[in-house]
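First the structure, then my questions, so here it is.
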Amino acid sequence: MQLSGIIAYPVTPFHSGNGEINLAALTQSLEHLIEQDCDAIAPLGSTGESAYLSLAEWMNVAECSVKTVNKRLPVIIGISELTTSAAIVKAKYAERIGADAIMVIPVSYWKLTDSEIQAYYQAIADSTSLPIMVYNNPGTSGVDMSPELIVKMAAEIDNVCMVKESSGDIQRMHKIFSLSQGKLPFYNGCNPLALEALCAGASGWCTAAPNLLGKHPKALYQAVRCGELEKARQHFYQQLPLLHYIVAGGLPKTIKAGLSLLGIDAGIPRQPLQEASAEDKAKLGEYMAAVQ
Amino acid sequence: MQLSGIIAYPVTPFHSGNGEINLAALTQSLEHLIEQDCDAIAPLGSTGESAYLSLAEWMNVAECSVKTVNKRLPVIIGISELTTSAAIVKAKYAERIGADAIMVIPVSYWKLTDSEIQAYYQAIADSTSLPIMVYNNPGTSGVDMSPELIVKMAAEIDNVCMVKESSGDIQRMHKIFSLSQGKLPFYNGCNPLALEALCAGASGWCTAAPNLLGKHPKALYQAVRCGELEKARQHFYQQLPLLHYIVAGGLPKTIKAGLSLLGIDAGIPRQPLQEASAEDKAKLGEYMAAVQ
Amino acid sequence: MQLSGIIAYPVTPFHSGNGEINLAALTQSLEHLIEQDCDAIAPLGSTGESAYLSLAEWMNVAECSVKTVNKRLPVIIGISELTTSAAIVKAKYAERIGADAIMVIPVSYWKLTDSEIQAYYQAIADSTSLPIMVYNNPGTSGVDMSPELIVKMAAEIDNVCMVKESSGDIQRMHKIFSLSQGKLPFYNGCNPLALEALCAGASGWCTAAPNLLGKHPKALYQAVRCGELEKARQHFYQQLPLLHYIVAGGLPKTIKAGLSLLGIDAGIPRQPLQEASAEDKAKLGEYMAAVQ
Amino acid sequence: MQLSGIIAYPVTPFHSGNGEINLAALTQSLEHLIEQDCDAIAPLGSTGESAYLSLAEWMNVAECSVKTVNKRLPVIIGISELTTSAAIVKAKYAERIGADAIMVIPVSYWKLTDSEIQAYYQAIADSTSLPIMVYNNPGTSGVDMSPELIVKMAAEIDNVCMVKESSGDIQRMHKIFSLSQGKLPFYNGCNPLALEALCAGASGWCTAAPNLLGKHPKALYQAVRCGELEKARQHFYQQLPLLHYIVAGGLPKTIKAGLSLLGIDAGIPRQPLQEASAEDKAKLGEYMAAVQ
């Protein structure tokens, strides 16, 4: 498996009334992403409020996503669990329903040692034959995995074969590239770093932006691939205000608000997360309109 | 309710074989704490691996704790949940089984705004008549509540009436004291800050240390209360190496290891957390022995 | 030499017109400090804009200070220099004019290794027989000396025998105390930490506060010494708003503004530092008035 | 004046015996840089130990540099002074001797407000007609200027017209680009960020690397300019270990050590800075050899 390009992150829509999963809206939002020329779909990531769902809800969303995408694109299912055993349950389920890969982020309450993190990935890898994308996002998960640890795990654990780096530190990507002699594919998970990560050799960009920006993220990716840097910069600086805004406001909140502006009713995030304010929505509309 | 003194944190023991809750060992460890002259018992805190338990396990531990303590001391039950609805389920349960108070820490994946945090506490407070201790521990929970927010919530939400401050920043305690004109009781949750927090006006010390140090933490508390600073310093500097060690190693891991040295078999922490190494145990034994 | 109590920091007054040193105002401000029952005087510290003066100016202030104090109290002269050779020139001068000790802070442009810092202190110590107070204030100097390094230097360099800790981290003081078995005298250099530092065993409090608060800082010191913690807290929380304010605004700026409210015209700080605004002065006046 | 490309930073050589300025070695090292196809020469920057020199020494180095370069390339003279008046003295001198521009970094002991920083630049700008490059390097200077402040100063102060950004945060460059609508030229001052800064639109790269790497930095610059990203990455990842090494070790120390390996005797840095160890030199030699 060699992913490249735009890996798109759908939200998990909830019904406005009772807060339950809205599968119809999920299907709609998945079709919307597929139309944007994305290269893979990654449900149940940070944007998908993976950590806020019950196990049954998570399974529902995973299954509906795999069925909806229906092999048109690779599907990477996100797993973010505090305990090893809970993560394994999900990894097995993802394989059973026909996902193409899993993206795994260790979540911490008590800080984890490198040995604990590696054992966590090893145990999950032992439970499934799916390829595993290591997902480093210390800002949300509380776990910060060094490039050294990530490259070591990729070398020592069979199905660990990709990295999503969301720390926002480009030097981490340099280190992953250098330590693995350019062999370990890494993906940018920090939206406002998209231009530089791709220039530094990222295989792709993991992002929820196509939900709101359509094919523009893909156009940025392609401009970099073609060495058209002037054009790439134009795309990037045009998208940057929105990229900053959706990250600063929290992706579930801002992406759901933006989708509603596009006519997709994905509801609001699960409490304690609150919905975007009217001001936030107006600002978001401006930023979306500015990227024509 | 006006707590003061030593608020002791038990671990949640697991059976070595199957990893299930060990209620016999829990009872044993609760009795052990009560014997140490503590002033309150706080099960299911960070030390109690609250966040790692299933709901059924959490309920089991809560109920067993309340029954075991049996009104000999106040019991404060810890709640650390990502979603508001899950926290409410636990708050109601704590009241139903006769707990004296709850200690609530908001856990984040996506960062919470002050408004989201306050709504979280308000919703929980609306669901119970128990007194609520606000628990600020950004290092584990990913949520950092400012003194301003904490004092505001205590003023505006009826049963929010105590604060456990574990950020390790003594200036936060100054701020809580100043903003509330000394009216809002705060408790030290950072072990290596115990001496200073008590000198600065903390009503008590929330700590797992009595598990391993017996009545020594209480002696430190009392020396400060009596203005015997020379004696308080002696107690503090004697306990400090162990206090640092248990915090640095992670409380579930180190307290369980220390209890085994005292003959209480509380098992090991839940994966991905690993048990203390033989070296760690040896070191721990030395530090415990040094506090005679 | 065993200093204890309040070590007071005078400003370096400038003439309003030409910005030159105002020795008359310096003398006046030194007399003012001596009247406040301080235990030592430390000219040319951070408050004294030591780093902003020409060598000739520095010498002038040093000499005038020693003469004015005239053995009524110990005088500790501050040295903050980027190069070793410039620091040695000042150390020798301080000895020649009869200072009782020097307080030395290494200033960095390029970060210094521990080895470079120790060689810096060693070279200075070799040039003088005066006792040396190591001054750690990473926020201003850009050099952060660990407790381990400080205690090592005190053990290995003959006249290094005192520490002023201004990092604001009480754990540093714990570490100095523990590593030196309570033998190395340390002094609090972070005003809003005064209560806790003294409780933790600091020998004294290095502060510019007596310029504006008269004998109140000394009263806080004595309450702690007598174990009167309730009284100490009253003193501390009463002084705390002003202590925060003078630190946040920068000591030369705020202390000079406060002195002008007391009728001592010490001028304004040297550019690029600007004088306190009218609003700042008004606020400062309020805080000073609140400490009666 | 519109600089682009490689702006090269010479060291300030000292005689091994007495530590005095070695003008012959300075001339030799300037010629060495000019041969490397650099686009401008910037004496007396951080690499040039500007902050460690006496005024007379600084003047000597400035004058010798301008004369040696002799209009073959633009010469940008570095100024890093704690006081406004000292910076003005140097700015006037740079103009008098025929420098093409000055690069000014405000150095702090007491933190500066934005208003103080702007007044500092304004006062210097008023004293000279030379173009001014704002130099932001919080790690060495202790002053961190926000993109907002920098763009504001460029808009409001006539001869402020370029920015060297050395914070290492690519988002700062995005912000400068966005706030100035791409009009304010910015230059990368963080060596391990060279690839990304140039991709993001930096006009050039301010670096001491050509001292040790010859024409390789220029080749990286040109590959980016031509949109040859694969080639640019090859250049960058090849140079990266050395770029990290010289930054981590401190530029004066490592560049002087590397020059000695190339047969240029620039002496060692001024104390308290120490010379590179034998091990460091060996490692440096390996990194230099790896970039053929």
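Some observations on this one:
We just call them A, B, C and D in the order they show up, numbering each chain from 1.
Here, a residue touches a chain if its C-beta (ideal position, glycine included) is under 8 Å from a C-beta of that chain, and two chains touch if they have at least 3 such contacts.
The shown structure was predicted, so the numbers you read here are calculated from the model rather than taken from an experiment.
Under the touch definition stated at the top, subunit B and subunit C share no contacting partner at all. Farthest chain from subunit A, judged by C-alpha centroids: C. The geometric centre of subunit C is 35 Å away from that of subunit D, both derived from CA atoms. Subunit A and subunit C have CA centres that are 52 Å apart.
For the pair subunit A and subunit D, the distance between mean C-alpha positions equals 39 Å.
Residue positions of subunit A in touch with at least two other chains are not found. If you draw each protein chain as a dot and join the dots that touch, you get one closed loop, with every dot joined to exactly two others. A complete list of chain pairs in contact reads A-B, A-D, B-C, C-D. Interface residues of subunit B, counted against subunit A in their complex, comprise 46, 51-52, 80, 82-85, 106-113, 115-117, 119-120, 123, 139-142, 250-253, 269-274. The residues of subunit D lying in touch with subunit A in their complex are 170-171, 174, 177-178, 182, 192-193, 195-196, 199-201, 224, 226-229, 232-233, 236-237, 240-241.
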